[in-house]
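Paired with chain B in one complex and with chain C in the other, chain A is shared by the two complexes that follow.
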Partner chain A sequence: MLYVFKEGWSTFKSIFTGMGVTIRHFFSPSVTEKYPYEKIELPKGARAKLHVNIDDCIGCNLCARACPVNCIDIETVKATDDVDLGKTSTGNPKRFWLTRFDIDMAKCMYCDLCVHPCPTNCIYMVPEYEYSEVDRSNLVYHFSNLKPEMVAEVKEKAEQEAEQKKRERQEMMRKKAEAAKKKKEEQEKKQAEAKKSSNKNDNDKPSTPGKKDS
Partner chain B sequence: MTDQISNIAEKREMTINMGPQHPSTHGVLRLELDLDGEVIKNTRPNIGYLHRCFEKYAEEMDDYSKVIPYTDRMDYVSAMNQEHGYVIAVERMLEIEVPERVEYIRVIMAEMQRIASHLLGIGAFGLDLGAFTPFLYCFIEREKILDIFEKTSGARLLYNYYAIGGMIKDVHPDFKKDTNEFVKTFRPKIKELNDLLSGNKIFIKRTANIGVLPEKVALNYGASGPVLRGSGVEWDLRKNDPYSIYDRFDFEIPIGKGEMGTLGDCWDRYIVRVREMEQSLRIIEQALEGMPDEGDVTEGIPKRIRPKEGELYARSETPRGELGYYIISDKSASPFRVKARAPSFVHLGLLPAISKGALIADMVAIVGSIDIVLGEVDR
Partner chain C sequence: MINFAANTTYTLPILVHAAVPLTIIVVYALVAIWGERKVAGFIQDRLGPMHVGRWHGWAQSIADLLKLLQKEDIVPKDASRFLFKFAPFMMFAASYAAFAVIPFSSGYIGSNINIGVFYLLAVTSLLTLSIIMAAWASNNKWSLLGGMRSAAQMVSYEVPTIATVLTVIVVAGSLNLMTITEMQAGNDILGFLPNWLIFQNPFLIVAFIIFFISILAEAHRVPFDLPESESELVAGYQTEYSGIRWAMFMLAEYADMLLLSLLGAVLFFGGWNSPFGDFMSGPFWEFFWFMLKGLLLVFVMMWIRWTLPRYRVDQLMHICWGILIPLSFINLVLVALWEVIF
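The block that comes next holds the complex of A and B.
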């Protein structure tokens, strides 16, 4: 009998202690955020979406290499000699056309590893989180600002230049080879002459080992 | 058909599946239960629903630091602790010293994460047993910790904040103030939690004397963390095998004493977590006091990470127990093998041993009390 009363009392007590806590919470200010109507501002460094300031990108590919999930896809074309792409805001010279700079945010795991190696700080996370899509392909963000015609033109130009350079190089190599050949021939001639003259001078002596080598 | 029914009725035995979609199993876990009436005769945990090839991925990465975001995803409830374990393992392989300030930041982050993880564990444990209110109150406090983390690292759950040899970036300028404020406001909340849940008679009735794990069994199964301490074994890697700078702090190891029933029951495991939060607060306070104000946290990060040929096992204490990383290096830039010894996996193995003879309704309490995270079990 006493046990029942004791148990009953402790149950009663413990439950009402708990009730007291809930009542205190009931009168304390609410902590709920009514999300679509009220939005809390994310802190400055919040990692929610990748953004690229394409004007500052030099196409060094470091971010793509740092990415563990390969969500950054960069294609660059070397700028021809007649174009000057200018400099980034940090002073690095730009040498590449960025024909493609795609980031697949569906693949991105928000690890921030691509942000740190960037030499011009042009890739960074922005606190923007409302970008859900129905179609997954819409989550691929294209940051390159070149138009398709421009891309084709740039590629063609680069190819032409590359070919020209290749030809020039070949020409140069050929010339060099020719020059070398000429030189060699001349040298051989000289040596032959020298040999002849030495042979004339002392016929019975055997040729020196140094001459043998040449 | 009628034969079968009568057969079942006679034998009163059947096998049922609990999960994988059961809301009380803390993730996608399937338990095959052999029942005799309402009494559990045998439990077979089926895992693998969340397998993401962490270990294989780690081998594929061409840099040791690229593995860190994947360790986050192992135990997503205590990501900071997972990173800490991996980072100290690689640092020991490289034989590099970490600046003082970095160590202090690491310890504070790890202990805050421990509190956040225990809050979730306790809250979900209460929720399993029908106590909805403490769950929400725990989440209010957890939110405060996540806000501090978000301000500092930029992410709320998967931080990728630890780097090999340092931290990814320095803490937020308000960090010290925020953390101090949190410590001050959190102390009374533990008392509140005790009033609400720990002392509640209904809660005690559902947890005391249930899922008893004797000391010997716990040791034999290789249990660690609050599960082992709940059985009365004073074992904490922060004290017994100090890593980082844990040997500088003054704290106690709370152990289960069988206050409400048998030693090593669900209530003991639960109360160890609550008391551990208090100890974590003590560590945070001491670390905040000792933390140097100046110092670059990123300067120690090596450009090239190429450990010497060899292997290493480094362990650390996460909220769930002993987390070990076994790394083999072949001198190249990517690890040859990374094996993670996850405490949740070991504790899941305990389940058949401690659930034998329990009622099916108590199974939920037992699973909740060992506080497993399936991301870590399946990896």
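The block that comes next holds the complex of A and C.
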């Protein structure tokens, strides 16, 4: 009988303790963020979405190589000698046309590894997280600002220049080879002459390899 | 007695008379469902509904009701069609009918009969019947289990409820709820306390605690919500219901909650009497005080709901038969002795 009363008393006490806790929370302010209306600022260094400042990109491909999931796709075309692409804001000269710079955010795993290798700090995470899409292919972001016709023109020019340079190089190589041939012939001639003259003194000065080794 | 067929002059007043509690129930149910979600939100440090109707989502339950009205009326193939369709309305009718004897203010009571309490307790027993009806007609194991539990629970907890109500009647000496309310008027106890029955007799405090626990169980509220325990039985006897029929169940349940809370307010807290004597009294203020008392008890029910976990079936039965019933009968005897001596 005593047990029943003890048990009953502890039950009542615990019920009222619990109700005290809940009523305290009832009057304490809520922690809800009214999300679509009020947005909290993301903390510094939040990895939400990749952004490329294409004006600063030098097309070095380091980010694409750093990416573990291959979500960065870069295609560059070497700028011809007659155009000057200028310099980046960090002072690096730009030598490539960026004909394609695509980032597939559907593949991206937000590891931040592409951000650090960039020599001009032009690829970085921006605190933007509302970019869901119905179609997955819409998650591929195109950062290159070249127009398609421009890309074609640039490519053609680059090809022409490459061809020309190749020809020039071949010419140069040919000339070099010829020069080398001539030189060789001359040398051989000289050597032959030297041999002739040294053959006479050959017996006077025998080589002593044994002494040199010790 | 009024003969409806012969005397049509009474028909309209009777309809108006009947519409008053109905309006109160419907408005209360809409507010209480919204309020319960708000209470749940606040207790869990959330906000609850915030969208519909701009100001704290006040129109949320109206929107829910409109949604439920538009839903398809689904009756399972193997269900007993008539009983399945009839059960929710019978359940609501049972809890609505009991409002007839509730004195909302000194100026309004549906039916001022001398067996008010008896009538109320008898009519609310129909709730059990309609729940079993719904459970059996659904032809679903969850429903049936829920219905069986509900029957066992309500039949058991009616005993301590009636025993405690009997305790009050011993003190009050009347079965008429209007008379019980009227005798609690005035502020005489210790000079300032109102003459409410809970202050008149120390044993009635114990009676009130037992009464409150039993009405929690009768209204299927947590921690005694076994008939519809959603984590075990999907939704208990409501599993197969949807749309407006489900809404009727919900309405009946909230109406039952209010009914039992109002009964508690009449029996222990002076019904429509103002706590300040003559100050702020009059038919309208009386209605205000009465609803305030009832809604406070409803709020405590919600508060308990978000505090306590659910009891097991055997614990439920043990609490009722092992503790509450003996205690309530001992209490009845003590109250009677107190009344004889003082």
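Annotations for the structure displayed:
Going forward, the second predicted complex is superposed on the first by the 180 of 214 C-alpha atoms of A that agree within 3 Å, B and C clash if a C-alpha of one lies under 4 Å from a C-alpha of the other, contacts with A are read in each partner's own complex, and residues count from 1 in each chain.
Everything that follows uses one rule, which is that contacts are C-beta pairs under 8 Å (C-beta built on N, C-alpha and C of every residue); 3 or more make two chains touch, one makes a residue touch a chain.
Bear in mind the structure is a predicted one, so any value in this text is a computation, not a measurement.
In the superposed pair of complexes, A:V4 makes contact with chain C only, with no contact to chain B.
In the superposition on chain A, A:E153 makes contact with neither chain B nor chain C. In the superposed model, A:E188 lies in contact with neither chain B nor chain C.
After overlaying the two complexes on the shared chain, residue contacts for A:E168 are found with neither chain B nor chain C. After overlaying the two complexes on the shared chain, residue contacts for A:S28 are found with chain C alone; chain B is out of touch. Which of chain B and chain C touches more residues of chain A is settled by the count: it is B. Look at A:I15: by the touch rule set out above, it reaches both chain B and chain C.
The residues of chain A shared by its contacts with chain B and with chain C are 15, 18, 21-22, 25, 31. Per the touch definition, chain B reaches chain A in the complex via residues 61, 65-66, 68-70, 133, 137, 140, 143, 150-151, 153-155, 158, 160, 168-169, 172, 192, 195-197, 199-202.
The touching residues of chain C, when paired with chain A in their complex, are 39, 41-47, 50, 303-304, 306-308, 323.
Per the touch definition, chain A reaches chain B in the complex via residues 7, 10-11, 14-15, 17-18, 20-22, 25, 31, 42-43, 45-47, 66, 68, 109-113, 116, 125. Residues 4, 8, 15, 18-19, 21-23, 25-32, 34 of chain A are the ones touching chain C in the complex.
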